[in-house]
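Next up: the structures, one after another.
Both of the next two complexes hold chain A, though its partner changes from chain B to chain C.
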Partner chain A sequence: MRDLYLSNCEKNFIQKIISEGHRLDGRIYNESRKLDISYGSEYGSCIVSLGETKILAQVSCEVVQPKQIRPNEGILFINVEISPMAAPQFEANRQTDLTVYLNRLLEKCYKDSKCIDLESLCIVVEEKVWSLRVDIKVLNHDGNLIECASIATLASLAHFKRPDVTRSGDSVIIHTLSEKDPIPTVLFHYPVCVTFAIFSNNILVSDPSFIEESVCTSNSEEGSTGGLLVVGMNQYKELCVLNLSGAAIYNSNVVHKAILNASDRCKNIVEEVKSKIVTDDNLRQKRVKINFADIITTDHIQTLCKKDLSICLKNFKINDVKREDDSEMSEDNITEDSKYDVVATKTNVAEIKSKEAKSSWIEISSESEED
Partner chain B sequence: MGQKDDIYQNFQLRPMKCELNFLSRSDGSAILSQGETVVTVSVNGPLDIKTTSQSIEKATLEILFSSKGGKPSVADRFKENVIRQTCETAILGCLYPRTGITITIQELEDYGGLLSCAINCACLALLNSGISLHHVVAAVSCIVDETGNIVLEPEYQQVQSAATKLYFVFDSRDKNLVTGFTEGAVGEDMYLEALEKCRAASDLVFNFYRDVVTKYSNVI
Partner chain C sequence: MKASIGDVVLPGDYCEEITVAGEKAKVIIGPGLRRELDRVYVTKAGVLKKRNPCTYWVDSYQKRYVPSRGENVIGVVVQKAGDIFRVDVGGSITAALSYLSFEGATKKNRPEVQIGDIVYAKMLVASKDMEPELVCVDSHGKKGRLGVLSDGFLFKCSLNLVRKILNPSCPLLESLKNEWPFEMAAGMNGRIWIKANSMRETIALGNAILGAEYQSDEEIKVICSNIASILAGHIS
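Right, the complex of A and B next:
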């Protein structure tokens, strides 16, 4: 992994605005980004996006021999991959600390909390059990990978259905999906992880973005306040995972506060996951073809235009935003259906304009040099 | 839209949908669906890379193909090779010496023609990233069915039953063949006929690129 440096002014700025009660994207402390879950054509495949963080999860199954110590239990295997697609600093096919950390945390959350009925995955004791493999692929890393990955794992596991089997004597027949209806995975409870970033004065910020996360971790490395706190809870508000770093270790108040905040958030997430699965199931019963192609929309072919760079600070008034919208519409008749609801502000637009002028100047000069 | 549908039907190309800048952290990215096959590609570069893999003459191209689930396989490496060779002809690598360009391809749905979809998507992501190109490339796949007919951009069932699959990649300038490979046995006449058909169909793909870029450049 290439090193990524955080500049002092970025860090100081983030710390300052957080201590004043603001966040870079205009959220309040306890607000999370927009959660979106979309399912693919196969059972157990989904893309979960939390703001701009995007993760692809795919569950697959195969019949294997069980472990010696647990002859009547199926196997759950979680594999996390972070490719250069997530962010340029990651290298291909290399395990980083982040990958191992994520993998371990997800195993804690889903294996060690015993949320999956592993005994139901047994076919023949000591001989054949189902092994579920969850592949987590990070498509875009914009902070809070843990929460997004855990939602993706939960959503794909709850959505997954394995083929039905029949035993006749010694042989086991695995039916294809068209022969017999597949069986859903049994989940006793639905645990989900949420992340909090801790800033000075024990301010807790939920769903930290990439830059907030890096400020926090750099603070905790320097030994002062800061750090990330991961809370895993199920829909009954029972604690499953707790991962502390930095200031949370020394201060139990922060942890208590975080757990209180997390319980509602976890419940909402689980409800959202469940309702998505129900709607998806209904669609499938009506034989509607569900495909990842559905997430491609033609309305906003270009999502780059930095007006949806979600920076939104205190001086931005809603009136300003509206006015900017109108003027832009008249300038060029492009549908204003941006993917994001955050719209440009006065200062932001001015920045873009100056950038454009700059870039054109650079282009001309570089061309003339080449000629 | 009606006119477009007609063209698609004449050539029997599957409908294409595309979104550029699907991922915010990459320099360029695209998601493309051709029929039910969906692929997303991110391009990062030119980047600083290790001195051992640097080249004085041109940019080093790194391609990563990642299948949807399961372990990486030899088939993935094969796809990486095909895409690398195709992209190397397209990218003006001599403009970026001693740097690296990373193209990461993620399969989302595979219902036939995955490789041609991946190449087209990679090309769109390269366009999006602003890396200089000699020309754009368009991949078209076709099969020869039992009766000896050539079917362009076949549906999933047709792919499963087909004995011969052919893939062609053309450049946008002279419609020259950039990459071509086949699976299964095919006669020489049939091969040439398929080549001409795919060459004609590649126009549709180039038109599609043009549509996408027109929309895109309107916004910026």
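Right, the complex of A and C next:
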């Protein structure tokens, strides 16, 4: 992975606006970006988008021999892939620290918290068990991959159905989907990871964007004072994962506050996932064809058009602008002669020049004096 | 597949119109087109465009920058290596910027550039086999508008947006300059540096620029006045 270069002015600006109580995209500290889950044509495939971060998850299953130490349990395998499609600093087919970190965190959240009933995946003890494989592919990286990836994992695991099997004597028959209804995966609880960026050791910012994430983990002159706190929780407000990267926290209140915020957020996410699965199931029962093409065709033009800008004032809504009548513009604003003038000076260069040399901070070139 | 002017094209398509035109006169083929034997092939997905008399190119949506000579770009200084600075301009590799290519710089009088600073520079060498090279002076040795940019804020956007706002017919800067004072530098590599008197004004500026991407000229004017009224506190 190539290094990510962050300029001083970005760092200072983000640090300053965060300390003043604002965020670059107009959210408040505790506000998350828009979550969207859409399912594909097959069981266990989904695209989850969190703002501009997009992740594709696909669950697949195969029959394998169980591990020696756990002869009656199925296997869950999680694989995370980040390609150059996500962001230019990543290289193809190469493991980076980030992929390993994501992989480990998801394993902790879903394997070690024992949310999946692995024993139900057993077909023949010591011989045949189902092995579930979750493939996570990052389509676009705009910060908070952990939260998005964990929602994608949960949504695809909860949606996944494996083929039914019947045993007759020694032989095992795996039925196709048309022969017998597939069986859903049993989830005891629904854990989800949420991320908080910590700025100057006491400000908690939930769902950090890419730039907020890189600023809070980067080192400043006086040493790093920020970090990323990952809290994994299920819908019963039980803690599953706690992970801190970056500077050490010397104030326990930060963690308490994060856990308090996370519990509400996790509950909402799990409800969202569950309701999406119910609606998806209903549609499938009516034999409506569902696939990823729906994401594009339902809002055809909007696929390119960003609804959320990465830099945004608190009250700005792009949709309001369109509805507003042109006549509403106050006339004195239009007729008022401008103090400044945009002049094309060279190729690719436009410059704003003061007409009457009113403001001192704009560079005045000699050509503009006759105005 | 055969394509004609104005079509949405995909890599691998070819255009016979260009070949035919090339037999009579000199043809300039721009980005996204490549001549292979006696055909002109499309190498990018986008819209095939033509400007009279004989200039053809593919207009595509792009976020990754490919250095090209003569363009003004904004880069981040990432390394000081001997007598050059390495500058990240968003290309496949970093670009080199000699410390002598600043105004008034000599071997004794080194320019003050720190790692992490951003520079507005011109692409001097951009070849596919070589490291790109930047300069911060024009051919007269004057800095003009190039050099280190201090304070403010740097953000990334698509390459199309930069071209759009730098287009002389785009009303964005025209309408924004009436509202509040600001400074900006737009690099053709999809980076825009902005600076205004306050944080809020800087954010408002970035908001207006990013919001203009998919809007028509009329809508851009409305957005600008809308943002100005939010800034002034008329709409809460």
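The criterion applied here is as follows: the second predicted complex is superposed on the first by the 288 of 371 C-alpha atoms of A that agree within 3 Å, B and C clash if a C-alpha of one lies under 4 Å from a C-alpha of the other, contacts with A are read in each partner's own complex, and residues count from 1 in each chain.
One rule holds for everything that comes next: contacts are C-beta pairs under 8 Å (C-beta built on N, C-alpha and C of every residue); 3 or more make two chains touch, one makes a residue touch a chain.
Keep in mind that what you see is a predicted model, and the values were worked out from it rather than measured.
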item	value
Touched partner set for A:E73, first chain B, second chain C, both or neither	neither
Touching partner for A:A293 - first (chain B), second (chain C), both, neither	first
Touching partner for A:E20 - first (chain B), second (chain C), both, neither	second
Contacts of A:V59 with chain B and chain C, given as first, second, both or neither	first
Partner chain(s) touched by A:S45 [first = chain B, second = chain C, both, neither]	first
Partner touching more residues of chain A, whether chain B or chain C	C
First (chain B), second (chain C), both or neither touched by A:C9	second
Which of chain B and chain C A:P88 touches, first, second, both or neither	both
Overlap of the chain B and chain C footprints on chain A, listed as residue numbers	88, 304-305
List of chain C residues in touch with chain A within their complex	61, 64, 70-72, 76, 78, 88, 90, 114, 116-118, 144-145, 149-155, 166, 168, 173-174, 177-178, 181-184, 188, 193, 199-200, 202-204, 206-207, 209-211, 213-215, 218-219, 221-223, 225-228, 230-231, 235-236
Footprint of chain C on chain A - complex, ascending	3, 5-13, 16-17, 20, 22, 24, 26, 88, 304-306, 309-313, 315-316, 318, 320-322, 324, 326, 329-330, 333, 336, 338-342, 344-352, 359, 361-363
Sites on chain A touched by chain B in the complex	2, 40-41, 45, 47, 52, 54, 56, 58-60, 81, 83-88, 92-93, 133, 135, 137, 139-142, 289, 291-293, 295-298, 300-305, 332, 334
Complex interface listing, chain B residues touching chain A	17-27, 29, 31-33, 36, 38, 40, 42, 44, 47-48, 62, 64, 66, 68-70, 72, 102, 104, 106, 108-109, 111, 212, 215-216, 218-220
